[in-house]
Amino acid sequence: MRLHEYQAKEVFAEAGMPTPESALAESTDEVLDAAESIGYPVAVKAQVHVGGRGKAGGIELAESDDEAREAADSILGMDLKGYTVERVLVEQAVDFVDELYVGVTMDRGAGEPVAMVSSEGGVDIESVAEESPEAIAREHVDPAFGMHHYQANRAVYDAGVDREVASDVASVLTTLFDLWEDRDASEAEINPLMITGDDEVVAADAVMNIDDDALFRQPDLAEMEEAAAGDDLEAKANEYGFDYVRLDGNVGIIGNGAGLVMTTLDLVDYYGGEPANFLDIGGGAKAERVANALDMVFSDDNVDSVVFNLFGGITRGDEVARGINSAIEEFDELPKPVVVRLAGTNAEEGMEILNADALDVEQTLEGAVQRAVEQAGGAQ
Amino acid sequence: MRLHEYQAKEVFAEAGMPTPESALAESTDEVLDAAESIGYPVAVKAQVHVGGRGKAGGIELAESDDEAREAADSILGMDLKGYTVERVLVEQAVDFVDELYVGVTMDRGAGEPVAMVSSEGGVDIESVAEESPEAIAREHVDPAFGMHHYQANRAVYDAGVDREVASDVASVLTTLFDLWEDRDASEAEINPLMITGDDEVVAADAVMNIDDDALFRQPDLAEMEEAAAGDDLEAKANEYGFDYVRLDGNVGIIGNGAGLVMTTLDLVDYYGGEPANFLDIGGGAKAERVANALDMVFSDDNVDSVVFNLFGGITRGDEVARGINSAIEEFDELPKPVVVRLAGTNAEEGMEILNADALDVEQTLEGAVQRAVEQAGGAQ
Amino acid sequence: MSVLVDEDTRVVVQGITGGEGEFHAGQMMEYGTNVVAGAVPGRGGEEVHGVPVYDTVAGAAEAENADASVVLVPPAFAADAIFEALDSPVDLVVAITEGIPTQDMSRVKKRLGETDKHLVGPNCPGVITPGEAKLGILPGNIFSSGNVGLVSRSGTLTYQVVDNLTDRGLGQTTAIGIGGDPIIGTDFVDALSLFEADPATEAVVMCGEIGGSDEEEAARYIDENMDTPVAGFIAGRTAPAGKRMGHAGAIVSGSGAGTAESKIEALGDAGVPVGDTPEEVADNVEELL
Amino acid sequence: MSVLVDEDTRVVVQGITGGEGEFHAGQMMEYGTNVVAGAVPGRGGEEVHGVPVYDTVAGAAEAENADASVVLVPPAFAADAIFEALDSPVDLVVAITEGIPTQDMSRVKKRLGETDKHLVGPNCPGVITPGEAKLGILPGNIFSSGNVGLVSRSGTLTYQVVDNLTDRGLGQTTAIGIGGDPIIGTDFVDALSLFEADPATEAVVMCGEIGGSDEEEAARYIDENMDTPVAGFIAGRTAPAGKRMGHAGAIVSGSGAGTAESKIEALGDAGVPVGDTPEEVADNVEELL
């Protein structure tokens, strides 16, 4: 779960991180009020989960009421890479002389967190990592000990941060690491961390991604997610408890188990079709879950056909088949053609009892995918 | 630094540990007020750093105003193993069906903390440890990870704690460990942890010893120490910054370095004398520190002679001698005979310039100790 | 022959009194697995499916001489359960639980490195040696005994591939589901080295997926250290960057690390044929044998 | 020959810009120690006594090819400084600082166990190989080169015993002050095993004191593993229970553990003569040689 900038900054500020004065606004009037109370110049920043907001016109600087009104009018309601901007953060504009990058993430390969500092802040850190990896100082952190103070210092000195602000930047990194750990983040970063003319250090942006699996112990952050629900279909998937990812194609895909669903997507592509989504309904195959999954995929206007690929493991194939039959009974008529393939335990028994009037039943995974691609208009 | 029971219970209660309702009282009236507000029966408990308070008459149960007055009158002002009782804790008397022991301490040998639970609470745990060590369940804790939840559970089940209260006792142990860690304790224990008839768990006593070397980061606990300053001479040593321990003998001992001072004590004993104290003045030998040390030892009425044993290391012996000379100039006449022996760097030069009119100067450690024992009245 | 588990493995089921725990303990026993005890704090002294429950894993393992545990406890308590198992006499811990916070697993991984034990999972279907024992939730009936080792990050994909193998009479020595999380105990290299050392395993199927660089490291390991031939499969060729595909670990990073292409190429370079479909994987195994 | 340090040891002084650090760095250099750098965060680029200061220990050790560090920083920062040294190329860390919180040292000890490095101290005078190098605050002039190894928990008591030895012409291979804290890096057994392996050390003096059970373990080690003869001394025979005698570690517990009697008896049983006075220790060494 990714926090919005304004949410991450709230979390940062609570932890004592130096952040610019700011206020959230949902209308032009609110923007003007906020700007007045903060004092010009201010930055007006779109709060949407989109990278490169600045380049896309989602961030504007305002030095007066007129400019603030103009910025508010242009940003609020704008479409930013498919997301409608409903809120902006109005923030004190920081007068900086230098921009740094500080971040903490989980290094999967090492199985432990890594804290990073770079004196090349304010630009895309992934390009820096590719083009001049030596410009990023890294400290791997032992997860049992947490980050030692010397590690924060060492990262800062190794990154060549100016001596005058080194100790403040080390403090920021320590606070960021502690936040990362306390808040179960998968990623936390400040880019840029601005250095002002009088050697103040200010977190001008704030990124925090929270481990979804840890939200149960971060109730206040979990609440932020509800407040920020995005796409309709994704919200629905969340409600149903499905792992769901929307894609651009027209073959809807339902299956059980992440690897098998991914494989089904890959096969749709392999046979010339275009997958419309990833939808994992998980274990078992209760009629209600099957119906919910069908409902989701049918709600996607792009979908022209559906392939339903289930591997019965502990659950027997005949039980799965009965679940599917009773789920499709809830529809008078299926709005889109559905191809079903059952495998695993008692798969043959299951396929025999499937409601072949309402469904296309196929014997093999490859056959089912090919049939669904055909139903969706054939290979592209 | 050892906290008083009432102080430890404050710290416990802040951490959410179940403690009985209680109030501190310094007079009989305060005891009666406290008892009334808590409700009878109450326990009236002397707040002094003495083991076995109960047996020595420092704890009494009161079921009425009369009994409370009687308890207050007998305990307040009493002498408990050399300490005058100035405060009592008036505490709700807990009606218990079982008494457990829980504790956390540092296992020096292992270099890591150990958490302990025993179903044999309410008695001297060190006798339990000697007589039936298997009655104490121990969990060594990795200091990098802290105590895992399973360890608290395992200790509780291994100790044979009743199933009904096991999970609450595990919580108490977890809280105690966290306190031990957060508060830089060297030792934290609850003995007894009382189990009431309706399976409530209550910390009826509370022991916390804080690592003196960590008091700098426990400012609130450090303040408690000042409030509870004990013996006059020990308070003075604290003020002067000396490591000082008062003993029963009549040969005062001043030296530099713990091992060498201990050895001087041992030699006093070896040559038939009785050491009056341990006093380590630490590194260097500035005149002021020497004068303070002499002042301390002279203030002890038991002292009949003093041996001053200094090993000049980096500091040269002649400098040390000058420090001693200028310190004794502050006294018109030394109130008790002082034997000095200097060793180490430039020791001979130093001994030559020592003020031999005011002091006994000896060439060897053994000689100096023997002379001081003689001055104090000879071997006993 | 087999790796990790066989008919002599003595198993403690952690969480045996829970719904999942009880059901799968029964399934394991039905398959012939030597389940000797359960471990659930506060439930010591009870019995489930006729085996005794203990309050602690150490207590269970000591009393019943167990050497493996299966973790079937909810995600909030699962890391602690793994720590407990690692601090008991068992040598193998199979963690089935899905949804353990990644930071918890980071700490578990550190502790694991301080021991000589094996952890399989979490978020995995378990380990099975067909005809001897299964530790986990795999459907035993689709497996058959033979000379192919299998290691996979995914559950149902494993079943699919096994189904294809079994259809052609290609039985398995042992199948290891290593799990779909970003931080896991046994990784591909660990599992491959076990198969390489097992004389009964004459070919290995390795099913990877997008995310991380375990497959790339496996490719290097295969190239440098393995004589046993390996057939590969990689799921997630069509996954967009930045989206988690069901498994917490199945994600191509925003910067493009962890793609299927990279893994397929690395395996190809190591001489591992990578099938485009599960059928093709079975074809490749037939050729390698 | 010697143990731990010699004329080739290349030393970083942590805290070299502080009062103590600067003074003792100078003293070490005057003694002939090869001090090659200092390390103080924020002071990189400066010079002290003509050697360069770096911001980090790793930076100093890499640039100057150092293999040892001496920690002379205040107690609140000392554990972190030791962690830093253990995470740098140096192999030996000598921590002089007194007053490090015990819980900090517990964590340091855990980390130390994860490395192959030596930590001497904290709360110790350091290590000296007479005529070659001293790492710490020992007064170099009282030592003399010879064939007696010395290991001690106490500073000035060490000097006293060395004085007695040197007086009789009994020089030292290396003297190690292991420190008076409850949790230390190198303990008696570690130091004794170094001396046992050193062909130049023909006898060892071991000065223990009350508190803990290190001396008892050393006695067991001597009995079972040492050919080199050992002479002992134990300070604190007259210390009352429950009182800390200067050193944080010098305390007989309320229950009577850690007494001088117990240690003297254990050493005696291991064939180690324990002197009643420092003079007697020197007598015993003369006899053992």
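Order of writing sets the labels: A, B, C and D. Residues in every chain begin at 1.
Following the convention adopted for this analysis, a residue touches a chain if its C-beta (ideal position, glycine included) is under 8 Å from a C-beta of that chain, and two chains touch if they have at least 3 such contacts.
Not measured: the values here are computed from a predicted model.
Chains that touch both chain C and chain D are the following: A, B.
A straight line joining the Cα centres of chain A and chain D is 54 Å long. Separation between the centroids of chain A and chain C, computed from CA atoms only, is 28 Å. In chain B, the residues touching two or more other chains are 142, 144-145. Shown for chain C are the residues that touch two or more other chains, namely 107, 111. Shown here, the protein chains touch in an arrangement that is not a line, ring, star or fully connected set. Under the touch rule stated earlier, the contacting chain pairs are A-B, A-C, A-D, B-C, B-D.
Contact residues on chain A toward chain C in their complex (touch as defined above): 51, 106, 108-109, 111-113, 126, 129-130, 142-144, 181, 184, 186, 211-214, 216-217, 243, 245, 247, 255-263, 265-270, 275, 278, 280, 311-314, 343-345, 364-366. Within the complex, the chain A residues that touch chain B are 142, 144-145.
Against chain C, the residues of chain B that register as touching in their complex are 145, 148-151, 153-154, 157-158, 163, 166-167. Those residues of chain C that touch chain B in the complex are listed here as 41-42, 44, 55-59, 77, 80-81, 83-84, 87, 107, 111. The touching residues of chain D, counted against chain B in their complex, run 24, 27, 75-76, 99-107, 109-111, 125, 137-139, 141-142, 152-160, 163, 180, 182-183, 207, 209-214, 217, 233, 235-240, 243-250, 254-255, 260, 276-279.
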